[in-house]
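Two complexes follow with chain A in common, the first pairing it with chain B and the second with chain C.
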Partner chain A sequence: MESSNDVALDIIITNVVAVFRTRCHLNLRTIALEGVNVIYKPEYGKVLMKPRITASIWSSGKIICTGATSEEEAKQGARRLARTLQKLGFKVRFADFKVVNVLAVCSMPFAIRLIDFTKNNRPIASYEPELHPAATYRIKTLKATVQVFSTGSLTVTGPNVQTVATAVEHIYPLLFECQKPLCK
Partner chain B sequence: MSSRVCKNCGGTDIDVDQARGDAVCIGCGSVLEDNIIVSEVQFMETGGGGSSAVGQFVAGDASGKNPMFGEGFYTGVGRESRAQTLQNGRRQINTLGHQLQLNQHCLDTAFNFYKMAVGKHLTRGRRVPHVVAACLYLVCRTEGTPHMLLDLSDILQVNVYVLGRTFLVLAKELCINAPAIDPCLYIPRFAHLLEFGEKNHEVSMTALRLLQRMKRDWMHTGRRPSGLCGAALLVAARMHEFRRTIKEIISVVKVCEATLKKRLNEFEDTPTSKLTIDEFMRVDLDQECDPPSFIEGQRKKKLKLLEEELQKKIGDVQEEIHEYQDEIEMELEQCRPKLRGMYASYAKTDTQEEADDDDVSLPDWGEEEEEEEELKAVAQHINKDLVISGEEGDRGEQEKTPRQGPSLASLLGPMPTAASLGLPESISKCIGETNEDDEDTENGELDLSGIDDDEIELYLLNDREVKVKTQLWLKQNADYLKEQKEKEERIAKEKELGIYKEKKPKRPGSRKRAPIHANTADEAIEKMLEQKKISTKINYDILKELNNKPSTSPARQTAGSPNGATAGALRPTGPYRRPTPAPLSLGTPLSSLGKRLRPFISAQPAKKLALDQAAKPPLVAAAEQRDSVLVESGPVVYDEVGDEEEEDEDEPCVSAMQLLGGNEYGCDDDDGF
Partner chain C sequence: MQFQIPLAEPANMASTSRGDVLALPKVRCPNHPDAMLVEDYRAGDMICPECGLVVGDRVIDVGSEWRTFTNEKATKDPSRVGDAQNPLLNGGDLTTMISKGTGAASFDEFGNSKYQNRRTMSSSDRAMLNAFKEITTMADRINLPRNIIDRTNNLFKQVYEQKSLKGRANDAIASACLYIACRQEGVPRTFKEICAVSRISKKEIGRCFKLILKALETSVDLITTGDFMSRFCSNLGLPKQVQMAATYIARKAVELDLVPGRSPISVAAAAIYMASQASAEKKTQKEIGDIAGVADVTIRQSYRLIYPRAADLFPPDFKFDTPVDKLPQL
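Then we have the complex of A and B:
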């Protein structure tokens, strides 16, 4: 997760979203009334809290887990959740587990001139201070989106951890061009 | 005309009369061309005495096709939908543009953007006002007019971010690189609204100068320009001795008070703010600042670091304390080893120990004085038994584990959720180590490795708790449940009355037809016909019958066309039929035809049948005599007639038309004959 230059960048993964299916229908009310840390709003799906991960459960058996900080943790949490559902008496299987989204933050050791950065990377980058303080840079090939803040902070979203790291590597030289050294 | 040469004499003197539309060679007099399409405008007088141009307006970008030719009286009727869309857009652009006080040039540019958007199909799935607003804003950006997206959203009453999204898509798709917003643009506009009177110019100049300074101090990146303008204007106004409150500024620049205050605070942090007014006007500091949010971040980081250090130091001290405490306890244990039961001894000596402990400053122990003494004894016992690691965290945890039992029990009665809140925290700490990486085969079976079942049991409530939670839940969602019940009742009632319409989402792809498997084309068609009926007008039974004897049909055809004699023999049916409707069509008006037809129809079949039957036998006989192949043709024809008559009986009206049609064919045949 180091960039090509001599500076080491720490990419901190803040959220991993994953989905899986249980291949059976779930009675949400049962889960809500028999589980400890469960919130059930009948109008919507349903939320079940676990240590570390939060899962949204639908009666169709599809489950979305959020809040993990690594892919392994997401999987572990998902499996634990499936086990809990098994204990509740559902014939739960564990299928189609997939990490769908990863959110990471990363901080550059310099400030960035957003206007120059947007100018240099015209069609891909867009900076609208009226709408959002960050410049948005979308890497189509990686399906990753990078939000560049003037302070040098980056927010990266991508389909998996690897793409996120690649995206940071990809964008680093571009940011390096538009850097503004901080005055100490 | 010099380019043209007469075909006959080779002369170049050719007279072209635009009005008549012909070209005549002057030399030999031959007409070289006539019916030239003229490019002249003609006018005609209208009924009211005015005159109008003949023809229709075709826009340059419209396609050549013009569907309405004869009745082009109503302008707009014959136009294409594209043109209509554009005109609609133009109208909206104009109204919106005038509200923003944009000049005509901007409006035209915006309309061009709109045209491009329509051409690229960017209007699809977006509301016209949104696209129009985005186009206008695009112009504002490219032309540098002092308009914000917020103004547009104000007029349209649409969320800014919705407009922003549309704008971004449009800018991207149309490849328009709008320059980044310069907050300086807005200063004159806001200054005007704040009514500085004569000093307007001076105030705005000061504000501009302030803004430039802020830009150099990195205050503008990632910030809304309006907020920055507000701060600059406020300071500038005060500098020129105008009383403008924050509220006044806010109402003009449309930002939140907190935002404005934050900007002011940030400006306060820059070195420029330390200058006097005079100095500020004269001196330009070379120095630049880091972005304020970055400084804020750094400060937070530093604070955190400090805190950590502090924590560490406290930890060290506490460690020391623990060591002492453990030593004391060791001593104490050695003092009273030969006593009877363990617990009893603890219960007795507890008071002394507690005093000791409190002296050694263990504050969290002091808090628990209300707790039962036995529990404490147990806790201490465990604490001591374990190897003395001296870590505070460990200690806290171990304290917690024995304490769980009673506290849970006491809490669960009134409020199980409270227990649930306390539980996961402690558990998650305990099972931190169980998180190991393990690969499970993706076969749908749940891999149980690394999952602690006991822990999971803790997430499930017992019967009593379930009951309590059910009650709570039912109470909480009483409204929803009631609604649901009412809905069900209503549906049931409607079902009873028979007016209930089930809402089934009809998907076009949901009813899939089984693919047709057939060996021959005939079979395939038959199967296809079974699946879907092509028309309700077709009598499918007869179609089947036709299909059943396909061998006869070619024979009939051969009988019909090549053999002149049989054709002649068959003919009589034509003339026989013909006279019946003929007088009808001649004498009667069309409207009464239907009524008059009916008696004919009812009378006709019998009559025709008789005629046909009379005609057929000799026909067949004649055919038999001539050609043996034709033997089959006779009955086939007969059958067909019979079929027709069946249809006649079924639907008199349709058959009448058929008869008429048949008659016409007969006529044609006769003509051809």
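Then we have the complex of A and C:
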């Protein structure tokens, strides 16, 4: 069967979320007033960086970076951000950088019968058409979640890029059984 | 305290009539020592089934003290034991409450009632009792039968004891339990219908629903279009013919997969629209959308998908008031 590893499947990583800590308390008002591209909300502040990294900054020094397209870029963007904060005068140390979530999309060359797919994978897959048009398949061992749409597109979220790739491989054979032209 | 002991015995003797192997009858028939005595609790006798000898006598009667007729609005209920216990759901609560006094002697000099402590009767289950009341109120609004309410109560009890959803509002959990119970009984209600009788938003009910399924490690069957047909059609006042036609259309549409990715409710609504437009009883999209809880643009979208194959979708023995090619095209 042609269900071997990603023969023609492009897994496109759309978002990488990472957290890191500066080991110092940050004054959000200063950042809001003196920084570029800052939106300040009373609970927490937000910063935008040119190559598309959005960071949510807490005054405790915890920062969440979203919007990167790869792990490397996430790290670079976070460093750039830390540099900017340093320039504003805070004693910033780049500590505990960790990628928390990776979101990828993938498209199958075939459409999928969601009802059959859900029936075959009963406790692991869940499909609530009223709530969301996709079937959600959670892989516990990998801690990854795959959302399967009836058009054949998938969105995969997982803790790192490797897990995402493994998840796609894992789920491919299951989807292959329930494709549209075959089990009509 | 004194009353506990005689109450225990009838329960013990009652269990023998159920064939409980462990509880041996305290008395035996002299002629048939092996026979299990049948208890006639109304008369207070233990009777041997073989020879009919009345062996036990003066057994405490566990039946009710007075016969109550529901049509009599007697202000005084002469029963001295209160309502039947609900052992499945409560913790077996046997506390006695002292109600507010009625005579003049129950008030002290300042006008306050003398005995005030009416609270703290079952503090551990108070939230649960509250939730049961809420469940009954909600179910009453959409006329759900007793078995669904009981199932909901059971689910709520299981979730409550597990404490994994403790932070969530009890009403949200109750609404989600109601939704699950309807599903499990084979008569699903849409989230929007549950929303209509509850103060919780659809989003929150959906979240609690997923959490409960995870907590109780159960799953539910998928909804189909046919589950809702009878309710929607009768709310719209459509005749049985149209309802059957709509059911057929919806089922066929899903089989032929003309509507991938559409919620079954939307497909059902579009099918009802098509069937009603082809019959004498034409309903507008707005009316159907109102009943089903779908937007009329959604019906329009789904209708556009099934319209091209309209001729195949109708049941073979359907009487057309408006022929297939004259169906409205939106």
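Operating definition for what follows: the second predicted complex is superposed on the first by the 166 of 184 C-alpha atoms of A that agree within 3 Å, B and C clash if a C-alpha of one lies under 4 Å from a C-alpha of the other, contacts with A are read in each partner's own complex, and residues count from 1 in each chain.
Quick note on the criterion: a contact is a pair of C-beta atoms (placed from the backbone, for glycine too) under 8 Å apart; a residue touches a chain by one contact, two chains touch by 3 or more.
Predicted model only: the values in this text are computed from it and were never measured.
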Simultaneous placement of chain C and chain B on chain A, clash or fit: clash
Which of chain B and chain C A:E128 touches, first, second, both or neither: both
Which of chain B and chain C A:I12 touches, first, second, both or neither: neither
Partner chain(s) touched by A:K87 [first = chain B, second = chain C, both, neither]: first
Chain C versus chain B, contacts on chain A by residue: B
Contacts of A:R52 with chain B and chain C, given as first, second, both or neither: first
Steric overlap of chain B with chain C in the superposed model, located at which of 25-33, 133-141 or 493-501: 133-141
Contact residues of chain A, present in both the chain B and the chain C interface: 111, 113-115, 118-119, 122-123, 126-131, 133, 149-151, 180
Residue numbers on chain B that touch chain A, as the complex places them: 148-150, 160-161, 164, 167-168, 171-172, 175, 177, 180-181, 218, 220-226, 287-291, 293-294, 297, 420, 423-424, 427-428, 431, 435, 437, 440, 442, 444-448, 450-451, 453, 456-461, 466, 469-470, 473, 477, 480-481, 484
Chain A to chain B touching residues, read off their complex: 23, 32-37, 40-43, 49-52, 72-73, 76, 79-80, 82-84, 86-88, 92-95, 97, 111, 113-115, 118-119, 122-123, 126-131, 133-134, 149-153, 180, 182-183
Of all residues in chain A, those that touch chain C in their complex: 111, 113-115, 118-119, 122-123, 126-131, 133, 149-151, 180, 184
Chain C residues touching chain A - in the complex, by the definition given at the top: 190-191, 206, 209-210, 213, 217, 219, 222-223, 257, 260-265
